[in-house]
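Once you scroll down, you'll see the structures, which are given as structure tokens.
Each of the next two complexes has chain A plus one more chain, namely chain B in the first and chain C in the second.
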Partner chain A sequence: MSMNWKSMSAFIAVIYGIMAIMPLFVGDVDHLMHILIMCLIWAVVASCWDLIMGFAGIFSFGQVAFFVIGAYASAIFSIDFGINPFFAMLLAGTVAGGFGVLVGLPCLRLKGAYVALVTFAVHMILEPFLKSGMGRAIGTGGSMGILTIPPLELFGISFTADNKIAVFYAALVLAVVCSVIIMLVIRSFWGTAFLALKDSEDFAASLGVSGLRYKLAVFALTSFLTGLVGGFYGHYVGMLSTRMLGIDLFVTLMIMLVLGGIGQYPGVILGAIMTVGINENLSALGSYRPMILGAMVVVLVLLLPDGIIGLLRRFAFWKTSAGEKAVTGGVDNN
Partner chain B sequence: MLQASHLTKKFGELVAVNDLSFSVEEGQVYGIAGPNGAGKSTVYNLITGIYSFEGDITFDGISLSGMPPHKIAQLGISRTFQIPQTFPSLSVEQGVGVGSRFGDSDGYDSENVESILEFLGLEEDRNLITSDLNLLGKKKLMIGSALATRPRVLLLDEPMAGSNAHEIRDLMELIRRINKDMGVTIIVIEHFMKVLIELTDKLLIIESGTKIAEGDPNEVTQLPEVIESYLGDAYADDN
Partner chain C sequence: MLLEYLDVFISGMTIGSVYALMAVGLTLVYGVSRAFNFAYGSFYSLGGYIAWVLMMLIGLRGGYFMVFALAIPILMVFGYFTEKAIVAPLRKRSDWEVKVMMITLGLALFMDNGYQVLFGPRMKSLPPIMDGAIEAGGIYISNQDLMIFILSITGILAFRWILNNTRIGMAVRAVAQNPDGAQIVGIPKDKIFAATFGISTVMVGAGGVLLAQKYFISPMGGWDILVKSWVITAFGGMGSIRGGLYAAFILGLLEAFVGYWFGLNWVLFALFAVLLTTLAIRPQGLMGKWG
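Up next, the complex of A and B:
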């Protein structure tokens, strides 16, 4: 079972509360501020992945693709159409959401590994498309990528890579808003529908749950939020290439999910922060890093199937049991 | 109330249901029996929209052909499954709530959920994860979720399977109360012939997807073709 409303809110408040005061200590260290910003960005992407895979039980492997679609779309809207980056981000989220629905449609008839194959195919197709003549025609920059993405500007503040504290707080607001949306969805009847469809689709349908409506809704919502954050990322770093579609980012996101606990929201937020930290520390290992990341997925799945949240729950259960035994003098009441 | 006309379902070369027609009247307890693989559960899957079919099924004159399962549920036809289905991610109360939230055309009704938990004796288990219930508890919960949709017709698929004599008595009493007290029309698939004779107003016997008899349970079970094709020696020994 997922966390209750209070625990979920408290967990999110504590994590983002701690994050909010971090600039007080590392605000002048450019590299660390970049890591914190990336923690927040990946926390949203991984949370969306958790919502669709962990809660709705849809094995969607297209999350990185939706992120890249959002990033490119927002860049193209702002560069080629002169749209304000803030509105370009919203439009990019809508474009990614639309793609999510298009990808979701064929997935309605599929289950499990077949959904994973279809959604990962989108990921695989995206790189050659962005590099192709067709991609260049819509402004992707082909193999060169996009190099001159304007920064987000709001209330006279320019959220550039040179002003990382401002970017950090903008990312924090975005992460909090997305987390609250995800939490509201999970705790609402939408979340109940997702869980019911995941547990037993035929039974859920026989009780009036529309698989079509709720599956498409979860595809639309998660790809919208992922695309929105993708747009934010593009305006922050100022340039984009198809390198993001490599296996590295995909595996890293998977570690975030597994470490946080699949379907154990909001554990994935903590998983994202820890994974970004671990990943940074592994960067000195160069080409061995992906190998270690891959091994981490295997070890985590075997040892921590419910991630950190599962571990915390086991610890709390052990503490309660130990407390009860202490009260009863260790006598088995049965 | 519910009418199936010339119902046929083929899976490739296999004809699972063959030109089957039957009708269920409002307030009835209607039984369906037949040997394993006769197509009984397939009939349920046709009525509830899981499979497409040839022929027609009407509910109060409305054709169910091509209607998705969730719409059929909202129309007033609910069901249980042979292998108890629950939602392991949800609590007992939430599991019943799914039926109320999505199947009841009036939307979620906490009083209805409460009364169903009480009706089924599941009040104290309301916060349990559904996977923690025993087999009887899971069956009751499945029935509870279905009842929360406020069905006019409830399809029960082998509700007695795996139950001991005491549990069978409990379940029979429960089915009677659902029928009499709640006014829900029941269609029940069952292998226990004594249960069907005691519980149902009308009995349909099918074999290889084809109707071989329909009528009063006491009379139908005495027909030579029924004894030969389905009941066989076991029934003869029983009596």
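Up next, the complex of A and C:
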């Protein structure tokens, strides 16, 4: 199924290691630095999506919504309540995590497509909410959005768009921390429990694995991390609008997941980096860009069943360890 | 005051009837093949655009009769081959359910932006299917609303008749009950999956033709329809045509009255509240079987 602990950490270390030295080469090219920062931000969001969808088997389609909730919450906390952006980000993550639990609760009783649709409904309703009078009352700025978000400041460094190298390394730290957390979850009892639940919910339950608790916990964790990164994004770019809730961003995130391989963590990190790069090259195509993104999903889902990781495995014969086979094999018999 | 409410009521019934047609199409595909089509809203717009091209661009004569005569086969073929091309190949995989949702979401983005490139972002309108109105004792019903209502209900009844009385309808029901069993007795399961996809495309596309004359056709206009069709399906009960019918009228009226009292912006919130309440209290919906 997935990689073992060693190749997983090696894979992540190589990717982030290469990322870490990139500023040496392109540190003075502003828009390339922006692209690198966005690679890291989306890597976290896509990783969270992979954790909840690929591993926990919950068809959550609310990932962008949690990202936007985190971004708006952090901006509002820092602007309207004067909270230091660092703590505002943490609070925003908590708010997004709370929403994750709220959305997760009705989803616990639901199956397959229903979960996708409830979470997607949250996504669909968020834009009218942020633009409505209710949204304006809590400081979302309505259709205008939020325009002057203070930057993150830590240790006397101001992480603004003018200081992209600092932002980049902050994003790298964030990405590494999130990746380690996700990896720990996948390799822990949680991850095994999810595999068991995905293969046979009834059988797992009969062994005492509570689907409810783990599902709720994964909703809370992934939406917390996604919201936190959303907050980081808001403080970095300095302005927010509901444009992020367009279907094209949602589909872009989906391309990251499909390209990296669903449930093939950490392939999704590579998927995110590649997708941000591809998307950047498509921007010259203007109104054709979303069309091509849509077509890309169709083609990739058909042709790349396990993403790039699957391809690599097929060509390089990456073998999963025997120990892992024993774990997954044990819950296979339903 | 009372007459105003009556207007709102009629408008709710009209929308409700079209919603019913579209929700039944959605529940059909999910009920038979467990595939959820995220491009459903884009198929709605497709119906509207086909009608617009036929009537306004080509200047087809013969009114809506000819539009339906041409649009229904086009939609049927389009739906059938879409299923064959992008849904059927996924069925063999273990995670095909979510892959179908993803691929149809990609298709939706492709189609919506295709409309934008082909027809521009400006909204298109269609002429009313019938002019004039019926007036009786101060009650005023436009012939357009009446025709939309009659055609939608006819569509649903025709669908029910096909499902209950024809060989293909019986095959569809057999596949819905037990795909493998159906195949054993010689029913071509894969063709039935594609055919139901085609039929549902016809239903939502016809809904698009009917509603486009009251509202407008726009490239992104389908998303509302997807959400509404789905809320209706969940509220009425997955797989239950009668439940879908009741739900469509209830939610059509809810939409009309919420729009009238609070403004159209609140409709989506109201539907969302209905959805959550339904799923919390009675996840199988009004009349559906759970699953």
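Odds and ends about this structure:
To be clear about the criterion, the second predicted complex is superposed on the first by the 317 of 334 C-alpha atoms of A that agree within 3 Å, B and C clash if a C-alpha of one lies under 4 Å from a C-alpha of the other, contacts with A are read in each partner's own complex, and residues count from 1 in each chain.
Following the convention adopted for this analysis, a contact is a pair of C-beta atoms (placed from the backbone, for glycine too) under 8 Å apart; a residue touches a chain by one contact, two chains touch by 3 or more.
Predicted model only: the values in this text are computed from it and were never measured.
Of the two partner chains, neither chain B nor chain C is touched by A:245.
Using the contact criterion defined above for the overlaid structures, shared-chain residue A:206 touches chain B, although it does not reach chain C.
By the document's definition of touching, neither partner reaches A:38: not chain B, not chain C. After overlaying the two complexes on the shared chain, residue contacts for A:301 are found with chain C alone; chain B is out of touch.
Between chain B and chain C, the partner in contact with more residues of chain A is C. When the two complexes are overlaid on their common chain A, residue A:196 makes contact with chain B while staying clear of chain C.
Shared-chain residue A:68: touches no atom of chain B or chain C. Shared-chain residue A:262: touches chain C; no touch with chain B. Residues 263 of chain A lie at the contact with chain B in one complex and at the contact with chain C in the other. Taken together, the chain A residues at the contact with chain C in this complex read 53, 59, 61, 106, 109-114, 116-118, 121, 124-125, 128-129, 132, 247-248, 250-251, 254, 258, 262-263, 287-288, 290-291, 293-298, 301-302, 305.
Chain contact summary for the complex, chain C toward chain A: residues 30, 34, 36, 86, 89-90, 93, 95, 97-99, 101-103, 105-114, 116-117, 223, 227, 230-231, 234, 265, 268-269, 272, 275-276, 279-280, 283, 291. For chain B in complex with chain A, the residues that touch the partner chain are 48-50, 68-70, 73-74, 78-79, 81, 85-91, 94, 97-99, 101-104, 108, 129, 142, 145-146, 148-149. Listed in rising order, the residues of chain A touching chain B in the complex are 1-2, 189, 192-193, 195-196, 198-200, 202-212, 263.
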